[in-house]
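Just so it is clear, A, B, C, D and E label the chains in written order, and each chain counts residues from 1 on its own.
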Amino acid sequence: MANDREHRTKMVPVPSKAIIPERDLDKTPILEASHLGIDFGGLTAVDDFNLTIGRTEIAGLIGPNGAGKTTVFNLLTKVYQPTRGTILLEGKDTHGMNTIQVNKLGIARTFQNIRLFDNLTVEDNVKVGLHNQMSYSMFSGVLRMPKYWKQERIAHERALELLSIFDMQDLADHKAGALPYGAQRRLEIVRALASNPSLLLLDEPAAGMNPSETSELMDNICKIRDTFQIAILLIEHDMNLVMGICEGICVLNYGKIIAKGTPEEIQANPQVIEAYLGKKKGEN
Amino acid sequence: MSKIKKLNKTTRSNFITYAIVIIAYILSQIFSSAGIMSNSLRGQLVPICAYVVMAISLNLTVGIMGELSLGHAGFMSVGAFTGVITAISLQDSVTSGPLRLLIAIVIGGIMAGIFSLIVAVPVLRLRGDYLAIVTLAFGEIIKNIVYCLYVGMDSNGLHIGTVSIEALQMEDGATTIINGPMGAVGITKLSTLLAGFLLILFSLFVVLNLIKSRSGRAIMALRDNRIAAESVGISPSKYKLMAFVTSAILAGMAGTLYAMNYSTVAAKKFDFNTSILVLVFVVLGGIGNIRGGIIAAVILTILPELLRQFSEYRMLTYAIVLILVMILTNGAKARQFLERIKGSLRFIKKKSDGGGAVNG
Amino acid sequence: MLKVNDINVYYGSIHAIKGVSFEVKEGEIVTLIGANGAGKSTTLNTVSGLLDSTTGDIEFMGKSLKGIAPHKIVGMGLAQVPEGRRVFQNMTVQENLEMGAYTRRTSEVKDSLQDVFQRFPRLYERRKQVSGTLSGGEQQMLAMGRAMMSKPKLLMLDEPSMGLAPILVEQIFDIVKELNSAGTTILLVEQNAQMALSIADRGYVLETGKVVLSATSAELLENDAVKKAYLGG
Amino acid sequence: GKATPADSANPADSAGKATGNPIKIGGIGPLTGGAAVYGNAAKHGAEIAVEEINALGGIQFELNFQDDEHDPEKSVNAYNNLKDWGMQILCGTVTTTPCIAVAPNSFSDRIFTLTPSASSPEVIKGKDNVFQMCFSDPNQGIASAQYIAENKLATKVAVIYNNGDAYSTGIYEKFSAEAATHGLDIVSVTTFTDDSQNDFSVQLADAKSAGAELIFLPIYYTPASLILNQAESMGFEPLFFGVDGMDGILTIEGFDTSLAEGVMLLTPFAADATDDATVSFVTKYNEKFSETPNQFAADGYDCIYALYEACTAAGITADMDTETICDKLIEAFATETDEDGNVTKEGLVFEGLTGAGSSMKWAKTGEVFKAPMAVVIKDGVYVGM
Amino acid sequence: MTVLSNLINGISLGSIYAIIALGYTMVYGIAKMLNFAHGDVIMVGGYMAFCAMTYLGWGVLPGILLAVIICTVLGVVVEKLAYKPLRSAPSLAVLITAIGVSYFLQNTALLIWGSDPKVFSSVVSLPSLKLFDGQLSISGVTQVTVISCVIIMTALVLFTSKTKIGKAMRAVSEDKGAAQLMGINVNSTISVTFAIGSGLAALAGVLLCSAYPTLMPTTGSMPGIKAFTAAVFGGIGSIPGAMVGGILLGIIEIFGKAYISTQLSDAIVFAVLIVVLLVKPTGLLGKPINEKV
């Protein structure tokens, strides 16, 4: 839907060179999913799902509860293997790959029901995200070789930089499990970012946040895209957020796409109003 | 003191752990050379070291990797018997006792590591109690196999059989090393407190450094949330294997140390009950708390000896103490109470520190 | 109907609720609003008995709840839709609903079940599905339906709109209104303060474990500080 | 265990007088856990003997019996504990594997050791101060095979043994070697372990289908009782031949002794023997512990008496140090022979409960010489054969 | 024919494991704890029935009844004293406490009844069933055990899926807090679970001792471990799984002994177990854990 949309050029000043991944910013889409589908027993949770996302696009995926949005994320990240269809990531077919491989290829995500490493500190949560950016072996780790010290120092700095996006560097020493809900959601985003993705999937990032927190989050999502020059696909039920930052929106109902388009188009779509937005929102 | 305070929290905690071990070693050296130590306690020093290493090693599986193992003594067994075979067969070629012990411990550890690779296949697939059963099964299988194992040595080298020592058809004057259910006999005692102490330091070094490295974080991340860890590109099989094998190697080393402290060691020693005993150390010390595990191992090894005065009520008392300690350290009420105390201590400390200058 | 008087709650050494008092009168909808971590859920859990307050008293229908076990409190007519839904993952949708009516006699339950299914047709479609595989929103509906099954006198809702599609949020609020007009008193905790205040009679604002403001909904909606902090502008 | 100056002033008269300090005897055996039967029996037997001896007014004994849970490590702990207490003589340990672990310690500490029932040759191997009260395993295996062959009890023999147990395996190995030389045909060999000692249907079926006429059971009486029970319900009635571990089967509470009808065993002790010593011991034991003593109890009892006689003979007093006691007792116990088997030095000749009516002697190696007695169970009692 | 008779032997051994495993699974499924003391409750049940019948001269049924009552009470009391304070503790802490309880029961039994084995006279007077001209016989105990196994399994399945309190048990097993919010009394529900589990243990004890009639303080421990294995084998928490797992374990044990080696029979049982778990990682009848992401 949005593969030939102009890339945004607005650049925010960046904190340091270390966290800017070098990436060619050509115009091929980062993700192309076609005819994706999956069945659970008799239930077709997702069917004939097609989506293309540009390199630095923020796209939204919305739909009624149980429409299959989270399932789409699970398909893209290979938590479930699709029953049918293909996913091209950076032009590569991800058929037969697992979660780890697609993460290395550039997808990272957050979860609808928060999944942090509760017993690790905030900083360590981020460092786990940085895992594949480091390369020293177990032996260098145990024997504390120079490689260990060097990479750990860089990781420490990077983790703090990443946390600073959400102004969370002061929480670095806290146990992740003891953080307030909102902070946990933000930490999940930071952790996902740490794995250096080119496509970030956010599953209801604003759930449980109040309006002012949500608007702060909106700014931050844009900032992330601009700083890291990555694409973001997000699921959200908060229409202020979706309509506010998404350049393209895809609406799912009963596993099928019922509409695609710009926020304006979607808001005016009678099918979407009927199935999802409800009257009041549609009228606005 | 102020320097210690400045260190990062985990580094400081590790430092304390090393310090406790070293101080305990020095104290026991002083006491035993001054003749203040009872025979009973002195005789337990090496097994205590072995159990401490076991506790450290099992903590890696149970606390850090988060998987329940009910057969850890199986690896100890592999290490014990391999170590004994190694030590006895090197009796002539390596005359230095400590060196022979070192070689035996290394080989014992390696062999346990190799066996753990075999068990690893199910380990990577199963979770929770299903894994617990597999490890239990492994421990029982090892025990059963050693019952049928006969190993001897003569000038032609090692002989291994499954029927009896006679069936090995060795020359006269051959040494019997493993005699079926009787286990290994005729071991020359090589283990010393120093060896045990060094092995503890080694295990601590490996485990504590592992935890605070990239791999250790990956292992703990998998424990806390496998799906999330996979989503940032961490391979569960690789890191679970790493933790499991490391843990088995350490257990194997502890096994050799243990076996080389007695003139005989039988397979029955390393049964389910011993696996459970080590698990008790780990849980009592606080799951994942290496230092707690060490302390629990020491106390729980000495405790039954201290209770000898209760004569026939000894094991009953032990059972009651065990239950009470579990309730007092883990019970909801007790925990609340402890936290409250900790909280008020912290409060007092903050006040006396005068405005949190420490936090800088 | 519900009187909370100067309660203090600790998590270990964390002092989460610091002397909170508020009141819910029969037939009212009262909402608690506050930022993340303000202590809203903690307050609800204390009322339902899952947590103990160290001091203070909670009175429900004239009776003190001090020392009364949570299951008895439910029996007295108080139900809670807990934060994070907490449906029984391995039970089917229908079994979950039946559990909701645990305190009632089996024969009386049928109508309520029909009622819930009518309000949430999605649950009827999925009544045989194991709840753990429901989508987030479906689980939220289930949690709501389950609480309704006990026909409570006072229903406490902890962020019932979280993760729901806009159309469903409206529905949920409609249902809350309906339940209220049918005689159920409501204590509502919401992040969506706008929505909450639009249906509530009164509201309390909680900040770091303390009640900082209490007024009627209309007043709160006009209050500049509340607007700024909770209504997004 | 240090002698006080007052004691050493007149060592001569402390021997015969009850006023002297008691000699400290340590005992070790399993008092809890799966093998507790054996340890408790030996302990109780020894206690009775100590009581009797102390009542005589001569040498006084003090017995301290410690639990080892049938675990070598705990056994060494118990040993060290007894050393702290001041043990001068060790009566133990009861079970084989722990004894193999303890013996090298008592050897290097020079504490005289007499084990009631640890029967492996490994126990005494290379240790001049360790003696056994029971038959050694090879002896039992050999004697059983010889007895079966000589009396032509059967030619087709099946064996069921515990392959997780050193005692059982030890006897089996010697038995099978010896059986071959006597033309016995071992048609079925099956095993079990402590973990699977409930069900013997397969083992019995195997013996049955192999046509075994006699089943040799080198095992303890608890599993043996189950085997008899299951054989009966299968309708399988071969001869059963046991060893000393089988003793005790008739006295299991609730056991239907008719199941054991016709069972033969080699045992040094029979609780229903009619000699005075046995009767008095059994009565006392019954009064005190309301149980009938088994072979382990008798071994424990005999150990204390043998030590008593040896101490008396060697003039041992409580104020001697352990090393002296050890050397003197070795001297007192061992009967030395030259290459041709002629006795060159007489050692202790001991008449005990477990000598089956004849007297016992000890070789320098620590092995006991005593005649095994073959008995058959008839009408619920042992009858000599 | 020998295959058949081995099969029958396997079933009779397995049915004992199964009946123990049912109690295990019951407690595990609801209280989510590995009750390693379960085997020792079995032992207590055995002793109680033995005492009633031998010392008090009671008949079989009163004897069994006494055993069941005492064990039920014991189970509830142990739960109240030892496990309840640990409700919110990590499950391993409860496991270790259960081990403490197991030591406690064994050593108490040792002090009361001594270490000498007691022979238990069978409570089953049913004649054995003879088939094929007596070539094959199924003992009375086996018949009774298999039948009681099926009855108990069916009853438990119906109980947990159909009755209100059974459903409450399942709710408690999933989320204690949420169960309380439904008005379920968590403590009494767990007590009922332990009562049922321990009552079953007493029955199992009587049947175990009838089939293998020696009774010692340690009698329960090995069957306990085997039954735990069986419960996991069948899919832990699954009631039919416990029965299937128990019976299969018995059959594997007997077949392993009969056709491979008696020396390695324990190893064989456990090796088969590992292989089966590799093929079916959640046990034979265990539901695959479907974690919603």
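The criterion applied here is as follows: a contact is a pair of C-beta atoms (placed from the backbone, for glycine too) under 8 Å apart; a residue touches a chain by one contact, two chains touch by 3 or more.
None of the values given here were measured: they were computed from a predicted structure.
Contact with both subunit C and subunit D is made by B, E. The chain with its C-alpha centre at the largest distance from the centre of subunit A is D. By the count of C-beta pairs in contact, the leading chain pair is B-E. Of all chains, the one whose Cα centroid sits at the greatest distance from that of subunit C is D.
If you average the CA atoms of subunit B and of subunit E, the two centres end up 31 Å from each other.
Subunit A and subunit E have Cα centroids lying 49 Å from one another. Rounded to a whole number, the gap between the C-alpha centres of subunit A and subunit B is 43 angstrom. Residue numbers of subunit D whose C-beta contacts span two or more other chains: 31-32, 163, 193-195. Counting only residues that touch two or more partner chains, subunit A has 70, 79, 111. Looking at subunit E, one finds that residues 106-107, 110, 263, 265-266, 291, 293 touch two or more other chains. A list of each chain pair in contact follows: A-B, A-C, A-E, B-C, B-D, B-E, C-E, D-E. Residues 62, 68, 121-122, 125-127, 129-130, 132-134, 136-138, 140-141, 143-145, 147-148, 162, 227, 272, 276, 279-280, 283-284, 287, 312-313, 315-316, 318-320, 322-323, 326-327, 329-335 of subunit B touch subunit E in their complex.
Subunit C makes touch with subunit B in their complex at residues 10, 12-14. Those residues of subunit A lying in contact with subunit B across their complex are 77, 79, 98-100, 103-104, 108-109, 111, 115-120, 124-125, 127-129, 131-132, 134, 136, 138, 141-144, 148, 151-152, 155, 173, 191-192, 194-195.
By the touch criterion given at the top, residues 34, 36, 82, 85-90, 92-93, 95-97, 99-101, 103-104, 106-108, 110-111, 225, 228-229, 232-233, 236, 263-267, 270-271, 273-274, 277-278, 281-283, 289, 291, 293 of subunit E touch subunit B in their complex. Partner subunit D is touched in their complex by these residues of subunit E: 2, 5-6, 9, 13, 50, 54, 106-107, 110, 114-121, 128, 137, 139, 211-214, 216-218, 221-223, 253-254, 257-258, 262-263, 265-266.
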